[in-house]
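Multiple structures are listed underneath, in structure tokens.
Same chain, two partners: subunit A is paired with subunit B first, then with subunit C.
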Partner chain A sequence: MRTFFLTLMFLLILPSSHASTLAEYTFDEPGKAEDFRTVTEEMRCLVCQNESLAGSNAELAVDLRNEIYDMMKAGRNKDEVIDFMVSRYGDFVLYRPPLKPSTYPIWFGPLIVFLIGGVVLFRILKRKSLTRETKLSTDEQHRLDDLLEQSTDPRDNNQ
Partner chain B sequence: MIPELGHFTLILALCLAITQAVVPLVGSYTRTISWMAASRSLAWGQFVFLAISLAILTYAFLGNDFSVIYVAQNGNTKLPDLYKISAVWGAHEGSLLLWACMLAAWSVAIAAFSRNLPLEMVSRVLSVMGMVSIGFLLFMLLTSNPFDRTFPAPFEGGELNPMLQDPGLAIHPPLLYMGYVGFSVAFAFAIAALMGGRLDGSWARWSRPWTTIAWVFLTLGIVLGSWWAYYELGWGGWWFWDPVENASFMPWLIGTALMHSLAVTEKRGAFKSWTVLLAISAFSLSLLGTFLVRSGVLTSVHSFAADPERGVFILMFLLVVIGGSLLLYTWRAPYISGGGRFDLVSRETFLLGNNLLLAVFAALVLLGTLAPLIYDALELGKISVGFPWFNRMFLLTTPFLALLMGVGALSHWKHAEPSLFVKQLRVAFIISLLFGLLSLLPVFSAGNWLVGLGMGLAMWVASSHLVNVRDRLKNKRGFAGFWLDFKTGGRSYYGMILAHLGVAVFIVGITLVSNFGREEDVRMSPGDVSEIAGYNFTFEGVTQVSGPNYNASRGRFQVSKDGEHVATLEPEKRAYFVKTMPMTEAAIDWGLTRDLYVSLGEPLGGGDWSLRLYYKPYVRWIWLGGFLMGLGGILAVTDRRYRTSRMRSAKTADTANAAPAVSGG
Partner chain C sequence: MNQYLRYSIPLFVFAVIAAFLYKGLGMNPREIPSPLIGKSVPEFSLPTVEDAETIVKSDNLLGKVYLLNVWATWCVSCRAEHQTLVHLSRSGKVEIVGLNWKDDRDKALSWLNRLGDPYVINIFDKKGRTAIDLGVYGAPETFLVDSKGVIHYKHAGPISMELFNETLLPMIEDLKRKG
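And then the complex of A and B:
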């Protein structure tokens, strides 16, 4: 399940921000370069306005990129790098909020919103199928007729 | 002296706005016809003064009058004229003036194209518009006056943010603002109807074309913004879920829901309270968008102007507008009648489902955008909610929307026969399923189910709508039959079809570019060749060039495929004279099925450069889809039934021909 979601996210990652490039960061191990890209793209450059570490040219971003590169080069994996960065800069650095009690509203809130939507839909439909056809008042009907008189749209005539 | 004149007309406009808010409203309750009729002239007056104000600011930019602080900050003698003009709305103060000016323009459009509306309604609508205008003009005069002077005047101005020096961005804000502000009309109609307690089919019919026009502007504005971000920022993406992008996307979602809900209210009298609520929300979110962009509470690429004091004013303004209208709503809502009955399987149900999904999606985007703020305020820690989260929410909602779209457009009002449905949609369903499965084959995506889902859904939307058109034209003869249908009141129908096909095109675009796009970071020396997705990029080195207000390094690439020359690409990296931040100008060879995209990174010494090469299949379809949606909206508002009402109104309107709006209600 976890890999399923990870692949899902990898596939949708939008490459981010201004044109700094990752050309200088090469790895011998297969897959490591991809991991490096993912990690830096999903982290915020802390001193920029909404740019990722991968994309930013700010000094701090370059330093952090180098640091992450050194760590990964030294054999640490993706999760270890993320843990390290979070312990140093907090969750703010992650574009994907981590799953923990304080972020439950962010991750499970949407389900509640969906649930509310579903309940509203259900209630309206139930009420609607029970109510009887309401009639317009004569006054309203006159005004409506007046407005509709010149229309030839077939859908106006009750499709 | 001349800038003071602009300041003065701004104050005059405020006086007129106050009169416009009070007099017609009072008149509508005391039934004083002259007071109500004054609303139209007041709207015109306000518009004229604001237009003068805007013209004066533009004049100050063209004449490099750096004694005006705003001009000194954003203008420059070396700026090309086009960008001098777009600099007028390139920063905070000027963009507010544009806002106010557009609000007045919409008011004038209502005044001109509303001759067949009851005077009472017109006066209340214009009164509400006046109230909104008071807020904006006060905001400008109290906290952000574009005509403030400085002494001594600087010799040379600062400069328009280089990122904004682009033809696309010259028209992106006006379009977006026309959309934002346009929802004020739907809002004003809803509030006016609440005041009068007359929420009926005719109210929905009046506000429908206005809402659609506003939505078209907003759609095109967003499309243009996304396109600009793609080619100007040099990052190859087209949407980053930046708070400011979200700020325009939320009103769009709610506006889309509103358009559909208004259709139900007009045709069937149902969902009235819901429609009113949507109209209030759409405009509130537009205001919130302005707040998010302009207050600087959110750190974001787009917040070019940041000032907390202004934020407090907008927050108060928001509270008054949203709180006031919701109060009115809760007071009046119990008196709103329920509308006609409908069955579980009917167009009403599907449109309601679509509405709820859109609203849920908007709520999720709001949650994600505001969550970091809320966490910060409640001291729950600083967090970021970025694209991985939003993409997941997008995947959670849009497939259902696409599914419903195919069914909804084909179903009948009140009662749809499920068996008939199955018969009509069976073929479309099978085709979509096959198409989706086909795209999973090894030669295409090799089992990537997201591609299968995306392509299947796109085909579903497209084929179900084509079935729909075929059924409509069943008894008509050939192209002539279609043309007659198109001319005689079918435009709103074909507009709907076109907009929905736009959604299909959009889905194809994002599916393919997200899953098959290639990106390569490379270091190249002159003469090197890099290959990406079968295209060979030969780097011919970098030369120095200079523009009117910048110096640039310009790279040169020859792109070939299978030995045949495809394109010459010349990306630039610019350093502007005043604001020294480097700007990348990506070079793109565009095509309907793929874009080739190069942007320059950093010089690495010895003529070497770090570069980004992209292969973006079908990326144009994203904007093409958005454009088709907008075009569909335009078709819908030019439908004959709206034109006839305009022709009727034109007979009595002496001012109609001078007004800027496209259509009337």
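And then the complex of A and C:
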């Protein structure tokens, strides 16, 4: 039974590990293969939106990979390929969206949340340290002394 | 009072997050704004579905307001949409140009014979290259194009009569008036 499940697990893993090999795309020029990999990994497959173009087995992803491959083979550089894709599919294809007003929340949102958290934390800590430094009034100090004198540690008595 | 206010902060934060998540539930992740709105239909030169020898060029489509409908026989939603398209073409309110996407010619022809042919022209994009230029990422997709070949609207997914009457028809009439 265990072997069965293990086999099943490996079979499930198999297709995805196969998809991420871009070995069939070869370039003569050095560095181009690297560029190709970067570009396709930084682009979203529009059919299965959580996969990159490099990793997707969707038919459209295969077509787009081939298109990008042909463009790069023909001597176009990374930026030209990105322009090509964005002019057709919009910023949505980019996993790393460009910095512009409509994307400000994505870029600065985490920082703002972090700052709010920082301010809240700072204020809480400050209030805590203030309460600790509060001096006891004379009456309170006397009462405290009395209480301390009266109290005896039970462990000491047992000895 | 102050105490109540303080304890209501987590509730408030929860409410905000819940509101965003609830909104997200109702949103369609497939609805991606097209960068092609306001731009011209990309140039192409492709055969028709009916005849491999007849070549249609993008310029041939100029001069009329039309819907460009991307479809395929392998696409289930297109099957669901088809009756609406047939109905629309019979109503005479708008002409529909088909872009048959990565499909089989024989299958496409038998589909049209069986279910009716709503298209004035049916372009055969076997390789899907023109679809890439149009930013197509699924079928069906429909573009509203004016007489100068400029795209005014894009809808991903099947067209319903509601969508046509409420959104497309007012735009079509407006574009026709402008010429």
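Note that in this section the second predicted complex is superposed on the first by the 111 of 159 C-alpha atoms of A that agree within 3 Å, B and C clash if a C-alpha of one lies under 4 Å from a C-alpha of the other, contacts with A are read in each partner's own complex, and residues count from 1 in each chain.
Just so it is clear, contacts are C-beta pairs under 8 Å (C-beta built on N, C-alpha and C of every residue); 3 or more make two chains touch, one makes a residue touch a chain.
Remember, predicted model here, so these are calculated numbers, not experimental data.
Visitor: Between subunit B (first) and subunit C (second), which does A:Arg88 come into contact with in this model arrangement: first, second, both, or neither?
Guide: second
Visitor: Between subunit B (first) and subunit C (second), which, if any, makes contact with A:Glu59: first, second, both or neither?
Guide: second
Visitor: What is the contact status of A:Gln49 with respect to subunit B (first) and subunit C (second): first, second, both, or neither?
Guide: both
Visitor: Just subunit B (first), just subunit C (second), both, or neither: which does A:Val113 touch?
Guide: Only subunit B; A:Val113 stays clear of subunit C.
Visitor: Can you list the residues of subunit A that meet both subunit B and subunit C?
Guide: 49, 90, 92
Visitor: Touching residues of subunit A toward subunit C in the complex: what are they?
Guide: 46-47, 49, 59-60, 63-64, 67, 86-90, 92
Visitor: Mind pulling up the subunit A residues that touch subunit B in the complex?
Guide: For this pair, the touching residues of subunit A are 8-9, 11-24, 42, 44, 49-51, 55, 57, 90-97, 102-103, 105-106, 109-110, 113-114, 116-118, 120-121, 124-125, 127-129, 131-134, 136, 140, 143-144, 147, 150-156, 158-159.
Visitor: Enumerate the contact residues on subunit C facing subunit A in the complex.
Guide: For this pair, the touching residues of subunit C are 29, 32-36, 102, 127-129, 132-135, 137-138.
Visitor: What part of subunit B is in contact with subunit A in the complex they form?
Guide: Per the stated touch rule, the residues are 200-202, 205, 233-240, 242-243, 267, 269-270, 299-301, 303, 337-344, 348-349, 352-353, 356-357, 359-360, 363-364, 367-368, 371, 375, 380-389, 391-393, 395-396, 412-413, 448, 450, 488-490, 492-493, 514-515, 519, 521-523, 582, 584, 586, 599-602, 610-612, 614, 639-641, 644-645, 648.
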